[in-house]
Amino acid sequence: MRIVVYPGSFDPPTNGHLDIIERAAALFDRVIVAVAVNLRKEALFSVEERVAMLKEATLEWDNVEVDSYRGLTVKYALQRGASAIVRGLRVLSDFENEYMMALMNRKLDSGIETIFMMTSKEYAFLSSSAVRELAELGGDFSDLVPPCVSRKLVEKFSARWRGREE
Amino acid sequence: MRIVVYPGSFDPPTNGHLDIIERAAALFDRVIVAVAVNLRKEALFSVEERVAMLKEATLEWDNVEVDSYRGLTVKYALQRGASAIVRGLRVLSDFENEYMMALMNRKLDSGIETIFMMTSKEYAFLSSSAVRELAELGGDFSDLVPPCVSRKLVEKFSARWRGREE
Amino acid sequence: MRIVVYPGSFDPPTNGHLDIIERAAALFDRVIVAVAVNLRKEALFSVEERVAMLKEATLEWDNVEVDSYRGLTVKYALQRGASAIVRGLRVLSDFENEYMMALMNRKLDSGIETIFMMTSKEYAFLSSSAVRELAELGGDFSDLVPPCVSRKLVEKFSARWRGREE
Amino acid sequence: MRIVVYPGSFDPPTNGHLDIIERAAALFDRVIVAVAVNLRKEALFSVEERVAMLKEATLEWDNVEVDSYRGLTVKYALQRGASAIVRGLRVLSDFENEYMMALMNRKLDSGIETIFMMTSKEYAFLSSSAVRELAELGGDFSDLVPPCVSRKLVEKFSARWRGREE
Amino acid sequence: MRIVVYPGSFDPPTNGHLDIIERAAALFDRVIVAVAVNLRKEALFSVEERVAMLKEATLEWDNVEVDSYRGLTVKYALQRGASAIVRGLRVLSDFENEYMMALMNRKLDSGIETIFMMTSKEYAFLSSSAVRELAELGGDFSDLVPPCVSRKLVEKFSARWRGREE
Amino acid sequence: MRIVVYPGSFDPPTNGHLDIIERAAALFDRVIVAVAVNLRKEALFSVEERVAMLKEATLEWDNVEVDSYRGLTVKYALQRGASAIVRGLRVLSDFENEYMMALMNRKLDSGIETIFMMTSKEYAFLSSSAVRELAELGGDFSDLVPPCVSRKLVEKFSARWRGREE
């Protein structure tokens, strides 16, 4: 059985993330979507909220599991018995960081491969930070994220939007 | 059974190609290394020579097969029952072309995924054209290609090298 | 009246080109689509064929004119009384060449501005050479080019496709 | 009448910004230079100071207006009746962010076009943050910004420079 | 006598930095490794610690000196009588910032040249921030930094690692 | 004595090349400008013409020598007793090829360093091929190349320009 880990911040999960999850789920036996706990970086949603949103958004795929982890991604992947780490590529700017991270991961444990998959053209320019910024400025994000994420974003920001209009 | 196609010109095959083949063979059930026949582009080695070199160089892996094909890569992949096309990424310059080709392939047949794998750092800057140029200028390419390719390159270029020295 | 020139090879025109033409026609008083005659570069379609295809494909816009020219683009733009040269940007790889060409044009005549417009996301990865290659390999290009271009491509390549199948 | 909006942080305005303003003013009927209010990002100059500096620096062009706005740029552009958003391109690093922002803007409102203009070669590597850093380190910025900005920078930093020398 | 300055944050020094120092020391008469004091940016190691680590790690080269400086790099290079500033290039992402900084330095003082040298392929993807992140996550960094830096990193992080395991 | 080799096609030499030669001559004891003989690539000027133009254009610098060579650049550099190969960097597109070539050179002979120097901002976007294209299209290249190159270009192209005007 081939298991892959799809790690990330998912703050919040977007339709681009779901697109990659669907593609990976079609290609491998099991996909573990893993929210990286980063204590230093301030997040919009808590790790628990992100795990819950991902669980709701991936309900339809039997071979997808959602988890969170601390520390090195390769160590986590090893513990979970994964053969590879899956990373989504959106645009050029992603590539170089991903390449360096993949080289670093390979150095740390040569048994885990990193493979890159492409999001659909529709989501090629979509990122969690773009969604956060759009939400903050009061733009419409409803077709960029799954419905459960959309509801949570409205909850978070509606007080702020009201404040601005007054 | 998950079959992937690893297409390319392989003119000649390099240690970087073999590195990707080995990585893909560890991750999928079957890897079809497929030499693309391009009638317009002048090649150093014939398609038959390239297939023969690849066969010799991949003898050790049971789940690797070597073939050649004409026409669209996605059509060939479909015919062979592949789930994905594997592409090796070396450096940034590769990325954009690969990305466009992957988008084009996806457009032509949405059932075939394209996944990118990274060559080892050792081969990150190695290409078939660099090997050809090095051979032409009389440089040492022996640790950049498999032994069978090295022998064929010496055959091709030794007359030319002699001519230059006279 | 603000006139802009949209120069290119258009070999053949694609839906991406038409997308830019439509956007420019909405922003400026007159758009001159100008096929650059390049005697050194071998083309699939003759200049006359390209002008004819562009004329048919741009019939619906009153303020769009199709022409061809030789020599420096800035000189042609000056002769036609244009304020700016319009260039479409598809992906990153375009940018640097365009930037250099724009700097060179500015150097040659500081009175002509170069402005860049973006194609729709739908056509962000589409190029004339991709269309030519697709046509040559027997792929389906019907939704990448205007109908009149599609018919011409079928004419050009149908003999070749028959030859391959035999 | 064709109105364009030229949005930015302008913290502080540089000669590169003025170069774009001058070019846009020659190409469109009205240019609205719009300082984006970003409450989260700490700025060197207040929005009021930035608007004042831009007003002083653009006095010579009749069809240039200076304003500030909150929220989404496309919404502001719509309210002002603009046909397009103008963005200056300096170097490659700009391009990708600009491209994504333009795609996002287009998604939010397809009636507003984004066009890119190039700064003069002289200012191709100049940015507000470079000016701020230069000022902080005590370097000479007098030919990188308009005189009114230069005076304001001297005011801001002279106390700091004195402190360091003691 | 040709003196060059090799400036940087060196927080901490890596084997990639030492690789550049060794190459520069073979090419120029004197290499001044200069730790830039940046009061705004929070650092892992103090300037004193960084200077001490660099001194220990460069003991073997007679023509290498370690120093620290404040303010503009070109001003410091001038004071030290240097002909050039040496910068190491790792990967593409470096290039553009370095290019801009070099242009800015040239503008400030045209008498100081900037030259770029390449790290060994082994260290092409290594950075101080990657080392810091690896240390924080409990990964093995022992062959990425000199032994004296490795010891200091263990000191800094061992308390943190213990805390996590409990 | 530190000798460096500055290799290239120089077809024709431009003011950007001379800018690098001047900078290298100020930094090293001897600069050997070396025209690479490439039998496969069709050139505008013969190797002899290029050497002659470079000699005339570099007359003023005592420590600059012009030569031509065949085969591998590193072998030639070794034969000439050089410590380093100098390469000029213009824009981003250069960087990656240069980086790969430098890695390849280092692999072939670890005793020769490659160092990169930046052209002046004035020539950052200038290349021999841009000059050739400009000359072919009848544009003004007089301030892009040294006077002796300008005369040779006029000789080469004047017949062609007359032909076009008739």
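Think of it as A, B, C, D, E and F in the order they're written, each chain with its own count starting at 1.
Note that contacts are C-beta pairs under 8 Å (C-beta built on N, C-alpha and C of every residue); 3 or more make two chains touch, one makes a residue touch a chain.
The structure displayed is predicted, hence computed values, not measured ones.
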Contact-graph separation of chain B and chain F, given in steps at minimum: 1
Most distant chain from chain C by Cα centroid: E
Between B-E and D-E, the pair with more C-beta contacts: D-E
Selected pair, out of D-E, C-D or E-F, that shares over half of its residue contact pairs with B-F: D-E
Euclidean distance of C-alpha centroids - chain A vs chain D, Å: 34
Per-residue overlap in chain F, given as positions that touch at least 2 other chains: 92, 96, 99, 103, 121, 125
Sites on chain B touched by chain F in the complex: 91-93, 125, 130, 134, 137-140, 164
Chain A to chain E touching residues, read off their complex: 70-72, 75, 96, 99-100, 103-104, 108
Contact footprint of chain E on chain F as seen in their complex: 2, 23, 26-27, 83-84, 89, 92, 95-96, 99, 102-103, 106, 113-118, 120-121
Residue ranges of chain B in contact with chain E within the complex: 92, 121-122, 124-125
